[in-house]
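In what follows, chain A forms one complex with chain B and a second complex with chain C.
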Partner chain A sequence: MANLGVYLGVDVGSVSTNLVAVDDNKEVLFERYLRTGGQPIDSVKMALQELYQEHPDIEIIAAGTTGSGRQLVGMMIGADVIKNEITAHATATVHFFPDVKTIFEIGGQDSKIILVKDGVVVDFAMNSVCAAGTGSFLDHQSERLRIPIEQFGDMALTAERDVRIAGRCTVFAESDMIAKQQYGFSKAEIIRGLCNALVRNYITNLGRGKSLEPPYVFQGGVAANKGIRAAFEKEMGHPVMIPQYYGTMGAIGAAILAAENYAKTGKKTKFRGLDTVELDFVSTSFECQDCSNACEIVQIVLDGVPVISWGDRCGKWSAVSKGQ
Partner chain B sequence: MKLAFPYMGEGSVAYHKLATMLGHEAVPTLKPTQKTINIGVKYAPEFACFPLKVMLGTYIEAIEQGADTIVSSGGHGPCRAGFYGELHQKVLQSLKYDVDFVIFDSVFDNPRRCIDNVKKMKGNNSFKTVIYTARTVYRSLKLMDEIEKQLQKMRPYEAVSGTCAQIWKNLQKEIAQAYTFEAVDRLRKDTQEMVHAVELIPVPEASRLRIGIVGEIYVVMESSVNMEMEEKLLGLGCEVQRSQYLGDWVDFHLIPHRISKPHELEIQKIGSEYFPIGIGGHARENMGWIKYFAQNGFDGVVHILPFSCLPELMSQSIIPQVSKDLNMPVISFPMDEQSGLANNTTRIEAFIELIKAKKFGSMLTKKVV
Partner chain C sequence: MADYRQMWQDLDMDLETHDLLCEVLPQAFGDVYLSQENRPEGMGYYNFVVSEIHGVRPAELIEAQKAGAKVFGTFCVYVPDEIVFAAGGIATGLCGGSQFWVPGGEKVLPTGTCPLIKASVGARLDRTCPFFRIADMYVGETTCDGKKKAWEILAEDVPVYVMDLPQMKRPQDTDDWAREIESFLIRVEEMTGNKVTPENLAAAIKLINNKRRALARLYDFRKLDNPPISGKDALLISQIAFYDDPTRFTQMTNALCDELDKRVKDGIGVYAKDARRILLSGTPLAIPNWKLHHIVESLGAAVVVEEMCTGIRYFENLVDESQTTLDGMIRALAERYMKINCACFTPNQGRIDDIKRLVKEYQADGVIDVNLKFCTLYDVEGFLVERSLKEAGIPCLGLETDYTDEDAGGLRTRIGAFLEMLGSK
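== the complex of A and B ==
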């Protein structure tokens, strides 16, 4: 039997590492959402192993990476396409919802609004200096309130009253939440207030000066949270769609981009295959002392040999690795 | 007298030459590093803008290298930079540094102070020497602008990567030694020959990408405080042009306009559509530049501002409208001491993708095989 050709997409974010495989028709065959836990390399290795266990008969035609760890992991697995997560997310959303006009994406450390017209990204905004209203903050609050993050959204839906919480800054939001809790509001009410505050802050910060038109699609890990979805629908006054694979849209986008790149160039993939799992692949970092910039150089060492470096301002280290 | 100058873009080597030609000692040019930024941030008021902090760091490093006089330019109009000379002086005094300041404001704002400053710088030189020196330095600046503008259009297409950067580096080194008109002219000829000899990959006009850079002058011009924005754009295959070049600045601020005929007058006029009055800094000019870029075949504009910069905050809030009027994608980057690159890299890459999709049509809409 001929092997089944698939396209691999990996999205290495701050909080989760996602890996998908899609077939020629962009149907998702395999989907894995893992917590990165500060170990992107190990998470990717683990997900790859699972992929090959579940589908021993596949052949990877092309691979793409995205997310903040895209360079690192792209290097490691031998990706053909390394793309920023805005493009990757939009690619996947347009595939599933060709008419989409506004994409809300909330991940672990960043949040984005992407405006699409006729299937093309025409504008976007991304949080720059502040991580208020992203998944990490919700994680932190769920821990503090001792409510598992999976139940967080459902709990918000049970609240009967609204509590106003300041969402501008997570530090103030937290002290506001504590104040409200001391007044005797229930956990459910506070969580609902928090969801509303996050969405309010998100829309005012990122949506500033933009006209946000429906259809709306909400994705990213936080889309699992029903409370946030409800808050979005309330704020926008319009239903908000959530894709089936909301948590791995970036990875799906990367896979689609890899497929498109393959269709255009026909190049044989650089993907290392299952061998990746066996590779002794470590990333180290050191402070370069050659000038007072003291850049932090990140170096990837493959079987004892440095293969790529980045982080230098002067280009000295990255030039060396390019030359090799 | 041992002089020090703030560093703003590679043209800053010319100041050093100015000092040497007038027989002054000068500390070597000080391109800001992470250490400079750390020193500046430590001693500057928290809500002052980023350029003030970096310049303060530069001055302290200069003083530690023996500088006793700091020569800088002042501000113009309502932008806070107008106080910065005085503020720097105060901060340095409170740190018990003994240092003199020579601040050049716009000649037209305060001719008296300008003459006093020139007298201070003049030393024992004759006026003839001073004028000759000034003209040599001016020629050097214009030469650097000319070459830089050419290279910014060539670099994405160079066949051997690093060729253009090498020419640029070489020019910076040589220009410091060109003390006469003849030497500068010879250098122009040599450099132009090198520029014309660069082997370029032919790229059809229709598939070129041109990005304009506008914003606050210091963060636009100095690569160490704008996360190497120009480098990044060139690396992504875009031609770039900035709104600010040192020679152009001199044309506008230090030379009577009927002689220099600065392009900036025209830019100001275009910008008046959005800012009928000057609100300080280069806010009005930036609007003019965005429109100029839109009318001159550019595909997008990157707007860089220091976090908390007042004039550029105004620009930032007008930009969505300007961008809509001109159908020109514009993206803003506030710069601060934060040095993490991931976020900016993602945004700039996505911005270039957006422009490509706008210009060449998108990969997203096409059906795949």
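== the complex of A and C ==
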């Protein structure tokens, strides 16, 4: 039997590493969502191993990467396409919802809003340094309330009253939350208040000056939270759709982009295959002493040989690794 | 850089701290500038000026001081250099564009002050910039609240003269600005001991107009289909214009433009044919702030024009040269300077019109509107700029950044996505 041709997409973020495989019809055959835990290489290796275990008969025709670790992991696995998160997310959303006009994406440490017209990105915004509009904000509060994050959404839906919590800043939200608990609001009400605060904060920060038109699609890891979805629907006064693969849309987009690139160029993939798993990639770092900048150089070493370096201001380390 | 330690010591600079800056700057310049391919040979002059940034020009200024001239340090494109040069003085730009000076500024200013102000105050108080040491007098202006209060802090350490810039553009505001220029003239005369006459002011107007003409000529090359000079290089020249000797600067820039004429004839350009063309608008990029140009151009796009103080605001519009009386010339100066469109004015529709006009003139595919962190004026105006450009069908990306390198990754992702949004040609 001929091998099943698939396209691989990997989205390496600071919080999660997602890996998907889609077939010729862009159907998702495999989906893995793993915590990056500061070890993007190991997470990708683990997910690849699982992919080959579940589907021993596949052949990867092309591979794409996205996310903040796209360059690193792209080099490691031999990606054919390396794309930014905006393009990757929008590509996947437009595939599943061709009419979409506004995409809300909330991940672990970043969030974005993407406006689409006729299937093409026309405007976008990303949050900057502040985490108050992201999943980390919720993680932090769930820890404080001692309610597992998985139960957060359902609990928010049981709240009877609305309570307004200052959501501008994670630190201030916390003290406000304590105050509201002392006033006698229940945990469920506090959680609903947090969900509303997050959405309010997200829309104020990212939606400034933009006209947000339906259809709305909400994706990213935080889309698992029913409380946030409800808060979005309340804020927008309109239903909000959640894709089946809401948590891995970036990776799906990268896979679709790899497929499109292959269709256009017909180039044989640079993907290293299962060898990637066997290869001994090690991440190291050191302080370059060649000048007073004392840059922290991060290197990925393959079998004792540095294959990629970054962090140097002058470019001499990154140039060496590119040459190899 | 050659050895200027004795000069720096005589200027009572903090040599140890300054050494750190001297080590970092050539490195940064090499990374951003010298790594470019196919640069015009005429850039050699500007490379030299930067490589000797704290040496050659400061030494010239000190020589001039020994001969009796006074040096005026300025911070804003509204301050009329013509008055200073007419009175035999020298005007030199002082805006700080490096993170190196920011912590020094933060010792006395709130963290939530724009990096340009923090760096400028830090450069003075930490004694790590010769220009800030040399200037006999600083000339401030009332363009924003942060600057207004910073002058009071600086004035405890160095003589500061503040010009009261109007904030609206009604006829009486131009009258007011003409009166402010008159008052400034009197102060400059006192300081230099020289009279401003119709003859020397006419000559100074011509001197500065010629500098503007040279810059306009340079920027015209960027309007072409395949510009013969990079946006990075043009920005560097704009930055150097603020502190170089105006006569020599004009001569060198015209010489460079002659070379560019030849390049155009030979069909030599610096970008790939399909490079997207970007207009940068917003807050100034004081030397050595090359961060955004570096990111945009490293991603294969071209910065074709800056709607900024370090850009067209500095050289567009000439002062009328046909006036023969002092009053007439002062009026002509006031009218020229009031044509600059800064976000400190209300309303400021002129700036939005400028951006739209520049998009056409420079064939820009998109606009990146840049805001230095904590600049309220440009930040608020950004809303109107973005809305108005979108209504005109011009793609626009609003960005906020400062002098640090920490947000470079995030900026690269945003700018990369924006360039992709603009599509391929």
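The rule is short, and it goes like this: the second predicted complex is superposed on the first by the 324 of 324 C-alpha atoms of A that agree within 3 Å, B and C clash if a C-alpha of one lies under 4 Å from a C-alpha of the other, contacts with A are read in each partner's own complex, and residues count from 1 in each chain.
One rule holds for everything that comes next: a contact is a pair of C-beta atoms (placed from the backbone, for glycine too) under 8 Å apart; a residue touches a chain by one contact, two chains touch by 3 or more.
Computed from a predicted structure; not experimentally measured.
Engineer: Specify the outcome, clash or fit, for chain B and chain C once both structures are aligned onto chain A.
Structural biologist: clash
Engineer: One more residue to check, A:Q182. First (chain B), second (chain C), both or neither?
Structural biologist: A:Q182: touches no partner chain.
Engineer: So, does A:C291 touch the first partner chain B, the second partner chain C, both, or neither?
Structural biologist: The answer is both, since A:C291 touches chain B and chain C.
Engineer: Who does A:M126 touch here: chain B (first), chain C (second), both, or neither?
Structural biologist: So A:M126 meets both chain B and chain C here.
Engineer: Pick one for A:Q53: touches chain B only (first), chain C only (second), both, or neither.
Structural biologist: In the superposition, A:Q53 contacts neither chain B nor chain C.
Engineer: Identify which of chain B and chain C touches the larger number of residues of chain A.
Structural biologist: B
Engineer: Kindly classify A:T87 by the partners it touches after superposition: chain B alone (first), chain C alone (second), both, or neither?
Structural biologist: Both partners.
Engineer: Check chain A for residues that touch chain B in one structure and chain C in the other, and list them.
Structural biologist: 68, 83-87, 120-124, 126, 128-129, 209, 291-293, 313
Engineer: Please name which positions on chain C make contact with chain A in the complex.
Structural biologist: For this pair, the touching residues of chain C are 20, 23-24, 27-28, 30-31, 35, 383, 386-387, 390, 395, 398, 400, 407, 409-410, 413-414, 416-418, 420-421, 423.
Engineer: Contact residues on chain A for chain C in the complex?
Structural biologist: Per the stated touch rule, the residues are 68, 83-87, 120-126, 128-129, 208-209, 291-293, 313-315.
Engineer: Quick check on the complex: what are the chain A residues that touch chain B?
Structural biologist: Listed in rising order, the residues are 24, 26, 68, 83-87, 90-91, 94, 110, 118-124, 126, 128-129, 209-210, 256-257, 259-260, 263-264, 291-295, 313.
Engineer: For chain B, which residues are in contact with chain A within the complex?
Structural biologist: Where chain B meets chain A, its residues are 33-36, 224, 228, 307, 317, 320, 329, 333-334, 336, 338, 342-347, 349-350, 353-354, 357-358, 361-366, 368-369.
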